[in-house]
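Letters A, B, C and D name the chains as they come in the text, with residue numbers starting at 1 for each one.
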Amino acid sequence: MSDPGSLAVAAILLVPLAAAALLAALPDDRTTAWLNVAASFIAFCAALALLATRPAPGHFLIVDDLNIVFIVLTTFVAFTTSVFSRSYIGHELETERLTPMYLRFYHAMYQTLMFAMNLALLANNLGLMWVAVELATLTTVLMVGIYRTEAALEAAWKYFLLGSVGIALALFGTILVYLAARAVVGEGLDAMAWSVLVRKAAGFDPALLNLAFLFLLLGYGTKVGLVPLHAWLPDAHAEGPTPISAVLSGLLLNVALFAILRFKSVMSANPGALAPGPLMVSLGLASVVFAAFMLYRRQDIKRLFAYSSIEHMGIITFAFGMGGPLANFAGLLHMVLHSLTKSAIFFCVGHIAQVKGTQRMPDIRGLTVSHPVLGWGLVLGVVAIAGLPPLGLFMTEFLIVTSTFARQPVLAIVLGLSLLVALGALLARLNSLAFGEPLGKSEPSRASFVPVGAHFALVLVAGIWLPPALVAWFQYVARLLS
Amino acid sequence: MIDRLALDIAHLCAGGLVLVSFMLLYQDRLTGLINTFALHALVVSFSVAWQAYIQQAPQLYITAAIALGVKAVIIPLALHRIIVRLGIHRSIEPVVSIGQTMLAGIGLVALAVMVMLPVTAQAGTLAREDLAFALSVILLGLLMMISRRNAVSQVIGFMSIENGLILAATGAKGMPLVVEISVAFSILIALIVIGIFLFRIRERFETVDIHLLHQHRGEQP
Amino acid sequence: MALQALLGCVALLLAAAAAGIGLAQRRAATPAIYGVALATSVAALSLALGALLAPPRLAATLALPIGLPWLGAHFRLDALSAFFLVVANLGGAAASLYGLGYGRHEEAPARVLPFFPAFLAAMNLVLVADDAFTFLFSWEFMSLASWALVMAHHRRSGNAAAGYLYLLMASFGTLALILAFGLLAGWSGAYDFAAIRNTSPSMLMGAAVLVLALAGAGSKAGVVPLHVWLPLAHPAAPSHVSALMSGVMTKVAVYGFVRIVFDLVGAPYWWWGALVALAGGITAVMGVLHALMEHDLKRLLAYHTVENIGIIFIGLGLALAFTANEMPAAAALALTAALFHVFNHSVFKSLLFFGAGAVLTATGERDMERLGGLIHRMPQTAFLFLVGSAAISALPPFNGFVSEWLTFQAILLSPALPQWLLKFLVPAIGALLALSAALAAACFVKAFGITFLGRPRSAVAREARETDRWSLAAMCTLAALCLVAGVLPAWFIDALAPVAQALTGSHLPERHGLDWLTIVPIAQSRSSYNGLLLFLLIALAAGLAAAAIHRFASSRLRRAPAWDCGFPDPSPATQYTAGSFSQPIRRVFGTVVFRAREEVHMPAPGALDSASLHVRLRDLLWDALYVPTARVVAFAADRLNAVQFLTIRAYLTLVFGALVALLMVLAVWQ
Amino acid sequence: MAIALALAVQLAQLALVLLLAPLLTGYVRKLKAHLVGRQGPPLLQPYRELLRLLRKDVVLAESASWLFRAAPYLIFATTWVAAALVPTFAAGLVFSYAADVIAIVALLGAARFMLALAGLDVGTSFGGIGASREMMIASLAEPAMLMVVFTLSLLAGSTQLSSIAAALQAPEVGLRVSLALALVALIMVALAENARIPVDNPATHLELTMVHEAMILEYSGRHLALIEAASYLKLVLYVSLIACVFFPWGIAGPGQGAAAYLAGTGVYIAKLGVAGFALAVFETAIAKMRVFRVSDFLGAALMLGLLAALLLFVTQAT
């Protein structure tokens, strides 16, 4: 516990936990928002420290090549979201959508969620990870329902039911993996530790692994939002507070996908098991196609971007399913960039909904005229999320489509056309949201644009230049996965 | 010899659980449904206790006790009170069709067995059969969730899934304590949240029929 | 060294774009940004000219550690790139010069200034890119920058829809190119062009690449049926940007096609040529017919871009056919014709859009039916526009004629092709080319005649004022180029020799040893053309006539009301309109191509309501391709949308269904 | 010295076509009058008309611009240059390489372009009607013309008129269906281009179906003289073209000396006479068609041209 790596890990886990307790206890709303920011910042710094030094893997926690980038990303987005959340929540209190009582609850839950996600990423134990994902689900369920409107409660209830079923399926898969591992590794904690499983996976019973992966893919896939398990996702995004939408899209989906990746690497290490690729490819592609068409009839701006998250999760799953160094690299990079982009979009959307007083898109027009910064921010976000250069997602989509086309032309064409269909929907919406004569009420925006700017700057830089260290590391992980 | 008997009893328990799951599917009265669920939990807790005995894993007794205390006693009682308060304790739930549901259930059990067949005996006979039964219980629980309209029945369906999971987890010999904790944990949290939600839903909609919920959608077509 | 300096220019333009974001609200920003753009474009132009006229023995290459990480961004400056860089930067410089004056009238400079230099930078980047990623990155960035410019006047009706269609079609094109490069690079990701050149694809793969490149570059260039966005988007942008989009960006698209098909894919098959040339022929005729039906001046010009792209693709298709049959001299002729037309079109199309922009600033009108008589109020603009019109109508001695003449010469070589399909197809394409050239002349009689001649049809036309000096300077430069390139084509064709040599292994006879700067496609006994001599002869004949008349005939002149067969009517409404001018052609071609229908409402004798005539045109391609596509997407969206409104039970059923289905698959599999 | 001589011959051709042009028109008019039993104007009447017009004042419409006044000179110059580049009495003249037959067609196109613009300049409905119809006719005539060129260049391996004339004189060319089709197509195009019956009527001024005359309605004085001269030249040009391509006998070869040139001139004038007679007979025998039948007429010419080219492929390939 004395080495700096362990300290950092402890900080990442304990600071949010302590902050959650503190925030639940403190009454004042102004300091709590800052406390929320401060706690997130400390966690982020601790995560950065992990880049320099890592603790040795233990029975329960591990910092390895695969999860470290997700830890840094999660704590970073959590930090920027907390900054955004401060200005967002202030407005919610003024308009009395939230009472101070609920705000305390909100902040405590926010930090609990951070704890749960960090735990899920750091866990070296199948069971511990499952518990963490479960905890994250429950906290987000509560956050989604926080406005207590009929629609919010319904969204929360739907999320809860579907999430619970998914998590139950995942547990069954976890048990099966343990069973498969027990025969080789022997009973005890080792049979549930990632670090051991990956090394010994070659000797596992392939039939058990196949069944396990099926359950895990469906179970954690529910959390990822893969079609047809996605139903909770749009409503949960649309009805909850926007910072939570940002965290959901930017982080929680990643965490679930991360879990699938962990299991995929175990599957890949076993020669007798079914290749996980085709399953992931079909679910991923189904998500992309479905979400692309669903984008067209959306009326609610947050639901629109929620469906876009489904689409992108589909792309990432598809990429990992295709495998190969190029596609895996692109998938990893896409995960990171999508997190940054989508959370930035939700930051913009949150402010837009506040200044316009509505989330209904037909009531919002001409944002670049009435609110230039917000409007152009939205334009940039849509351009980024649609995969246009110079922003980073162009690179990943380029890599995914080209590397697929040489192997599976039909799949690449379907994927490409779906991306085009999605682009059509997003652009059509963007046209009416950002351009034309302004419509409706137009409060001046008092938003903090730092988080948005920081995210877009990162995505822009990534589109043009990736640091070689990051690239080498990504490539290493990409090989690890295939 | 004692092993043989122990295995048979465990097998019997697991089979009994599947049978009770079918009974759950068959019940169309809420009161009867809750009582049957209590029986379901009872069988699970006995099964877990038996596993604790034959595996000489005393920590499993805790799990058994939780299952017995919470799921066989407290929750059924609470659910009884809820349905009385909601005034739906006498209503007969419109089930899709008992006959068809049963047929589907039998198909699911067959599927579970088929899927488990290729698993090598290396994993242990006990594990393989327990797993087949656990999978059956899980699938039957899901079937129940989708064939019922009432929120109470759905929650019961979900809890029967959890019972199946416990069966599987305890059947997996030597699985570390983490599992028990997590299961207990999830039961607890799930109960709280379900309670809160049922409370809120009653407060808001005056009914627990989630069929009506979708009318209050954020986005009308 | 030239390549580094060029990339420096690009960096400067990008910096100007970034500065444009911050400074756009200042008054001084407009001259500053356009000034920087002008200087940079001129610098880049001279660098490119240097690389084209004094080509280094080996193409300059450069790799920067940006872009795709393990590959880097590769750049290369060879003859082909240099030629297109000349075209792009010439257009860029002219547009910047024009922008110095035109930009002052801009109502929303903040929506133009940041994107204009970015657009220029992106086009330059496409032309020097030497790996698939850098190429497509710049390509799509170019689309995006121009999209932002199209959206500059987003509040005007129709512009937002134009921008939407534009970016969608551009992305479709990029997708096609991504797929093409995916085939060329293979799944290991050998994205740099050097590696792609070294692999030779199979026949099927090559064919797929050709089709994808035609779709990808064609959608950007405006090849029918992928042209629909072009006549909407080009006019929507500010006029100097329209000029860039029509004059330069479509050429960058042609560059993309040439780069992929002539350079990267490897040896072509003969039917590639047939496909490309046929697409070109249809594009040319459809483009000009659409233009004839159009009364919006800028949109008419945009449709002519479609026509000229068709002519270019005819040349490219012939070059492919000749290359496939190992006839390098003929291939060089066809390619030179196409590339020369690329240059010519960029010059006169920019000139014409500048003229249209001047009219737009002077009157605020794009509708020709409300213009007229501008030759009196804007004589210089009118003269320059006339030069552009003559050039685009392929009239000697201007440049448009020379490149079309070369294309005809290439067509006349087609009997030597061994394939029957080509033997029959190419003459028909020749007829299409002749038809489009003649119709283009008709169309520009209409465009110039209705806009500038006659009497003003509205108050704004009556009170128009001549445009500013910057704009006139830009137009003058281009008009002079039209004449120079028409009179002295040999210089330009010689400059193209390295490009033709690199791509086809041959080039046109050089001007050394030929008299009087004559151009000769193959051999002098076959055909030759001498623009200079023709120009001198015409000047001589006209001068002789003028001198004789001045010397011997009456030189008196009286002004009087128009004769008009004795029934002059002072109302300008009695003049021929754009609609009535194109009516005969509409009757001849429109009934088939556009299903043109005229609805005449003639009130009964004594009734007081006014008579009316409506012409209804249908774009059959739009109806046949785009409407059904949109309908399919809408149908799928509607159908799938039902999934948003299910009960939780139904969603659970989906999960359950997925689980059971996958379990069944697993059970069967094992 | 040789250059100077060659230049002199070329200038002689320039002068010859200019001198002969009004005569041909006068001759056709006279013949037509005779054919319908009238006396007709004197043979030299066109010259007199030109001189008369030159002497008169120009009455310029108030709304006319500089373009209206510049156009006649350009029209005249381009037509004259084009006419002078078609071999008449001799082939292979010194400037003949400056323009092939495509360029000549394009020169005529340039003249027509200016004429149509001049028609629109004053802003009257008659000017518009003429310009509009002229361009419609041209848009069909040009492709037909090019198809003819295509056929000829297939046979001769050249688009250079001198080379074509030389090649078609060779005995191995012989009589061909393609050539006949091309000839018919070319004649149809020539009729349309020269505003002759059945496409247009050169003799009327006030008819709603007129094309050429409607465009030049506002012209007067010297401007009108130039335009009239240009139209005379155009008729000569087309006759020369048909003569040199389809009836190339008697044309002097390059540098054959004065005697050959003189003989060539004689033959050329004879050819003009025959062609003028044929034209007069044809115009007398046939009625003018409606304007919108013109597209069918010229469409037929286009099809004939295409057919000629395709037939040639078939015969050449076998």
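Here is the rule we go by: a contact is a pair of C-beta atoms (placed from the backbone, for glycine too) under 8 Å apart; a residue touches a chain by one contact, two chains touch by 3 or more.
This structure is a prediction, so every number in the text was calculated from the model and none was measured.
Set against one another, A-C and C-D show the most C-beta pairs in contact at C-D.
A straight line joining the Cα centres of subunit A and subunit C is 44 Å long. Subunit C and subunit D have Cα centroids separated by 35 Å.
Here the spacing of subunit A and subunit D, counted between their Cα centres, is 78 Å. Taking the mean of the C-alpha atoms as each chain's centre, subunit B and subunit D sit 99 Å apart. Shared interface positions of subunit A, i.e. residues touching 2 or more other chains, are given as 157, 161, 165, 169, 207, 211, 297.
Touching two or more other chains at once are residues 641, 644, 646, 648, 652, 655, 659, 663, 666, 670 of subunit C.
Among the residues of subunit B, those touching two or more other chains are numbered 115, 118, 142, 145, 154, 210, 213-214, 217, 219, 221. Every pair of chains that touch is listed here: A-B, A-C, B-C, C-D. Within the complex formed with subunit C, the residues of subunit A that make contact are 157-158, 161-162, 165-166, 169, 207, 210-211, 214, 218, 222, 228-229, 231-232, 234, 274, 279, 290, 293-297, 324, 326, 366, 368-369, 383, 386, 388-390, 394-395, 398-399, 401-407, 409, 412-413, 416-417, 419-421, 423-425, 427-428, 431-432, 435-437, 464-466, 468, 471, 475.
By the touch criterion given at the top, residues 108, 111-112, 114-115, 117-118, 139, 142-143, 145-146, 148-149, 154, 210-211, 213-214, 217, 219, 221 of subunit B touch subunit C in their complex. Interface residues of subunit C facing subunit D in the complex, by the touch rule stated above, are 372-373, 375-376, 379, 382, 386, 390, 393-396, 401, 405, 408-409, 411-412, 415, 420, 423-424, 427-428, 430-431, 434-435, 437-439, 441-442, 444-446, 448-450, 453-455, 515-516, 518, 524-530, 533-534, 537-539, 541-542, 545-546, 549, 552-565, 568, 572, 574-577, 580-585, 587-588. Only residues 125, 127-128, 130-131, 134-135, 138, 141-142, 145, 148, 150-151, 153-157, 160-161, 164-165, 167-169, 171-172, 175-176, 178-180, 182-183, 187-189, 191-192, 205, 207-208, 211, 235, 238-239, 297-300, 303 of subunit A touch subunit B when the two sit together in their complex. Those residues of subunit D whose C-beta lies close enough to touch subunit C in the complex are 14, 54-67, 73-74, 76-78, 80-81, 84, 95, 97-100, 102-103, 106-107, 109-110, 112-113, 116-117, 120-129, 131-133, 135-136, 138-143, 145-147, 150, 153-154, 157-160, 163, 205-206, 217-218, 221-222, 225-226, 291-292, 295, 302, 305-306, 309-310, 313, 316-317.
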